[in-house]
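Below is one structure, written out as structure tokens, with a few remarks after it.
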Amino acid sequence: MSKVSASGQTIGQSVPRVESEEKVTGRLKYLDDLRLSGVLHAKILRSPVPHARIRQIDAREAEKLPGVAAVLTRDDIVGNPAYDSHYGPIYKDQTIVASDKVRYVGDPVAAVAATRPEIAEEALDRIEVEYDELPWVLDAEEALAETAPVLHDKVEMRREGFADVGGIRPKDGTNLCNHFHLSMGDVEKGFRESDRVFENVFTSPSAQHSSLEPHAAVASFDGPGRLTVWDTVQNPFVIRDLLAEIFHLPLSKVRVISLNLGGGYGSKLYPKLEPLAAALALKAKRPVAITLTREEVFQTLTKHAARIYLKTGVKNDGRILARQCRIYLDTGAYAEIGPRVSKKSAFTAAGPYDIPNVEVDSYLSYTNKVPAGAFRGFGVSQSNWAHESEMDIIARALGIDPLELRRRNLLQEGSAAITGERLQGLALNECLDEVAAAVEWGKRAEPKNPSLARGKGVACLIKTTVTPSVSSALIRLNEDGSATLYVGTADIGQGSDTVLAQIASEELRIPLEQIHVAHSDTDYAPYDLSTSSSRSTFHMGRAVQLAADDIRKQLACLAAPLLGVSAEEVVFENQEVRPPDGSAPGLSYKALFMNIYGIKGINLFGKGLFKTSTKHKDGEPLTSSFWSIGAAAAEVEVDRETGQVRVVRYATAADVGKALNPLFCRQQLRGGAITGIGLALMEQLVYQDGLLINPNFLDYNLPRFLDIPEEIIPILIEKPHAEGPFGAKGLGETALIPAPPAIANAIEDAVGVRITDLPITPERVFLAIQRKREEQSAQAHLTKS
Amino acid sequence: MGLRPFEYVEPSSVREAAQFMAEHPEAARIYAGGTSLLLLMKQGIVRPDYLVNIKKIPGLRYIENGGGTIRIGGLTTHHDLEVSPLIRRFLPAITELEPQVANIRVRSTGTIGGNLGFAEPLTDLPPLLIALDARVKVAGPDSERVFPLEELFSGYYETTIEPHELITEVQVDERKPHSGFKYLRFSVGSDKPAVGCAIGVRLDPATGACVEARCVLGCVAPTPLRVREAEDVLRGNPYRAEIAAEAGRIASEACSPLADLRGSAEYKRAMAGVLVGRAVQEAFRRAEGQEPEGGRR
Amino acid sequence: MIRTIRMTVNGAPHEIEAEPWETLLEILRRRLELTGTKLGCDQQVCGACTVLMNGLPVSSCSVLGVDAAESEILTIEGLAAGGELHPIQKAFIEHGAFQCAYCTAGLILAVKALLDQMPAADEEQTRHFLAGNLCRCGCHLEILRAVRSLSGQPPQPEEA
């Protein structure tokens, strides 16, 4: 841990989080800690059935209960001129509360705002709902069959949606939420030219983000036509946009405030509670607060379950000639951001390999399950599970070392992505080499206990970041030389406040302690697309740099005449401006202002706008403003008799461009790896008869201290990115993605069984070992006779 | 989610508590550590009108050794057991088991009386206590009785005692020389065990043969399951891997696990067999003095 | 029926009027405005609501207020004495043992209970003791380092 030096150079320092003391003393306020006076408390009545028409809903008894201020049902939202009934980030298939149908167990049907939460809860019991149940479907492929029950008859598109998903459409009258197709070359030709063709199916289940902080929102109509929402949200500006659309308000009249979040991991993007809280607040004419229970969080958003069919053609020397990916993603009852998940993950579905012929078809289905949306990894974990598992299947079949097989096929400098973009600055080789060395690839440990076996496996990844996008930053240089940053980035625990302050500190030569990052508040901060997609360090960091640049220019113009130099010559050091040659003494920013203006209260404002596009400057296609590149290697110990898997040692490498804060980078790698291990070995949402049966921490297994490997080795590779702040790019998702295949590959190395379905439970391993024994003894029997 | 309202009763004696329970057999629940009860109340599965907090009753929280019998008061917590030097000395298998029970906070408040009285099927302590031939003392308004712990459980969340009877004491006799006990559990993430097994053996020091055996499974039947046929296989023999495997096979066939989130019935059966085999080996080692009682620390 | 509950919280005596069905967590957060202790799961699994009751870690979401009567409660707010951070708090900062920090109050108190019981706790003991505290950001190894630095175990090689 090092101190900040006033001469700058906080970049590259493992500075602790600026809010550290508040966090370890319990003083930091999260949304549920706020005590706002006069708020009503809201509770949600949720559908007990997976699919049904609402025949009748009667809330009159609930309304009569003393202490109930407002009840919201479809009667309020259908045909109400005050707001739209339907909304959604891409498709407008969600309603504030159910209008004609309920589409999953947990779907909000009605809501009550009351003076106390207990009264709201009691009021829910008094709402009578009659359902006409409909058949339901829980599988993404089955949902596409002719005879499958259809969830949405017709879906309206959002008029001014996100630029990167324009043109995406559902197939009306079916459960095909979206079909996305990409191709390069000719896969059939590629298969014909191959020596061997492999076909495999891989599945991964629905999972839950499990942020320790549940979703919460407080909505208040402060005056006529003025809405304020305090929100546990990662993208306040998108919420502002959508609320403005829904409630027919100009953007200036909608304010969304995001405090520090207790974890997000993608679950706190796009509207969840806000429209409902606002609609209740409008009806009750008082602010409304709602915090979800843990069970409700499980019923709010999940990770897309996937089934992926891979067909890969290779030459005997291991070169991959063709890869065909057919992906089925389960988006649950509502599209949410699913179409973007489907599209973005298709870009890298064939893996970080130079394959001349690739075809990807990604099918996104509606099913009667909890809606799926953004989850750290954004569709890439699902496809990475598939192609990185298959690489090892191919390697073993051809008798090639799995590491070597990858090396022979990796994307290289100048390789073309499937979208046509020429890729530069790839550090895939380095990442793979480093993780392999870290787990001593090639050496096998022999446990003393004969029922234990050890093995090692690797996996690597490439992922895009949402492009195009926009991030803007505003810096106010205060009259005393300190600075305030106004950014829309939400600090969800990743340390963005600190890193952005480090960048500002470095650029403006102001000590870190004198920089304050204001909470993301859409009334003050300029627009930011979101805190997601591992994008904030790169995009908002760059915006902060541009804003700082703006301030330096202004300072230079002010200072030049006083220092007797041209503006370009002005040097910034130690919160001062000075000439390059010491020909005049330096002036502190504070003294500079007094000198020029003679009065207190002068601020400078610097603004930085960083916008990315889908074309390079030379017109060449640009798929992603930066690519997340990484690799992982796992050493596991398998108990042959029980199937239990223990990850002994785990190495995770990422190309971070430049480690602005090495501690934070390592935290992302270790933390992401741990969630990856959870997804690999124990996490799954389980449905039975249309009902999610493990919506809580007792029955949904999360990694605990006993599940953590003895060692997680984080490796930071730095290949500076031309546009990133000081060369930095993002890495929030890199460590999580390759964990499951690295572990599955290690298990195959240990006990010779291949698991193609996540999670890799002890039972699955046990059964696979049994099957293998039976096959082997059957074979031995055959060879004998 | 807040708890629904209830009437709160704080008896100051066992008699008072038992009396109250006798008067409100349906509407009242005994509240000890609350680790199981409050969970069910929050889920709305149990909605008592009265909660009878017996933790204020003096004289029910103790661990003593009197004349070769260790007596544990009904309000003794898991944590008390975990850190007790007396338990470590005389019943080290319990000391070894306790850190695996649920989590540290549940152990701070959960009581042995509550654990037994709740008859939760996914639990660790009862199988080991049964293997140790524990007895339980139960008190009503005017009476007390003592009987083998094995006879306490009658089904999922069901005991043989009346609603107005409190578990006031658990008694375990000091182990005889040349005996060894081992509890093994299998779990898939989570604080709850999926399969548990407690093995005890006592050996003839001259021949190394087992003269007395206990095999009790947990989580794989409506109650802790004592598998006497497996015990028979161990009796009369010194340790051999095949004998242990046979005991495991018998145990695995004797149990009737339910398929649930933790695994299929077949898998749990198979794990019961594996655990028995491993626990038998360890119990023999301990009885022979090869391994320290209570395992290595 | 409202009861008067006397308890000492962070060294200060309190008399609280509460219903018997109010949990200790609700009393701490709502009546005493001590919001450092968090609600994570309401099932005693996650540990975000950990406080020390008479020195032992308990799930305040599942302890009735009436049960905490005559007890000494320590919450995260009570750890730093006279403006000086407790060594555990300092160690957490030094070793980067938190990210979003929603689990941190509970974890710090669990570590206090651990070191009070086992001042020289080794890694295995620590992992077992803390197994009941969840951290979704995945700061487990940093937390183990922090505990190591407090328990007198030899430090692991430092990272840059």
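We just call them A, B and C in the order they show up, numbering each chain from 1.
In this text, a residue touches a chain if its C-beta (ideal position, glycine included) is under 8 Å from a C-beta of that chain, and two chains touch if they have at least 3 such contacts.
Just so we're clear, the structure is a prediction, and the values are computed from it rather than from any experiment.
Participant: State which chain is most central when centres are taken as means of Cα atoms.
Facilitator: Located nearest the centre of all protein C-alpha atoms is chain A.
Participant: Have a look and report which chain pair racks up the highest count of C-beta pairs in contact.
Facilitator: The chain pair with the largest number of C-beta contacts is A-C.
Participant: Taking each chain's centre as the mean of its CA atoms, how far is chain A from chain B in angstrom?
Facilitator: 44
Participant: With chain centres defined as C-alpha means, what is the inter-centre distance between chain A and chain C in Å?
Facilitator: The mean C-alpha positions of chain A and chain C differ by 29 Å.
Participant: Using the touch rule from the top of the page, what residues of chain B touch 2 or more other chains?
Facilitator: 1-2, 191
Participant: Please set out, as single numbers or ranges, the residues of chain C touching at least two other chains.
Facilitator: 42-43, 45, 128, 130-133
Participant: Would you mind listing the residues of chain A that make contact with two or more other chains?
Facilitator: Residues 293, 698, 702-704 of chain A touch two or more partner chains.
Participant: Which of the residues in chain C end up touching chain B in this complex?
Facilitator: Against chain B, the touching part of chain C is residues 1, 3, 19-23, 26, 42-45, 47, 50, 53, 56-59, 62-64, 66-67, 110, 113, 117, 128-133.
Participant: Quick check on the complex: what are the chain A residues that touch chain C?
Facilitator: Counting only chain A, the residues touching chain C are 1, 14, 16-17, 20-21, 23-30, 32-33, 35, 209-214, 260-263, 265, 293-294, 492-495, 662-664, 666-667, 670-675, 696-698, 702-706, 708, 712.
Participant: In their complex, what parts of chain C are in touch with chain A?
Facilitator: 29, 33-43, 45-46, 48, 75-77, 79-80, 85, 89, 92-94, 96, 98-105, 108, 126-128, 130-142, 144, 159-160
Participant: If you look only at chain A, which of its residues touch chain B in the complex?
Facilitator: The contact residues of chain A facing chain B are 117-118, 121, 293, 641-642, 682, 686, 693-694, 698-699, 701-704, 707, 761-763, 766-767.
Participant: So in the complex, which bits of chain B are touching chain A?
Facilitator: Residues 1-2, 186, 188-192, 261, 263-264, 267, 270-271, 274.
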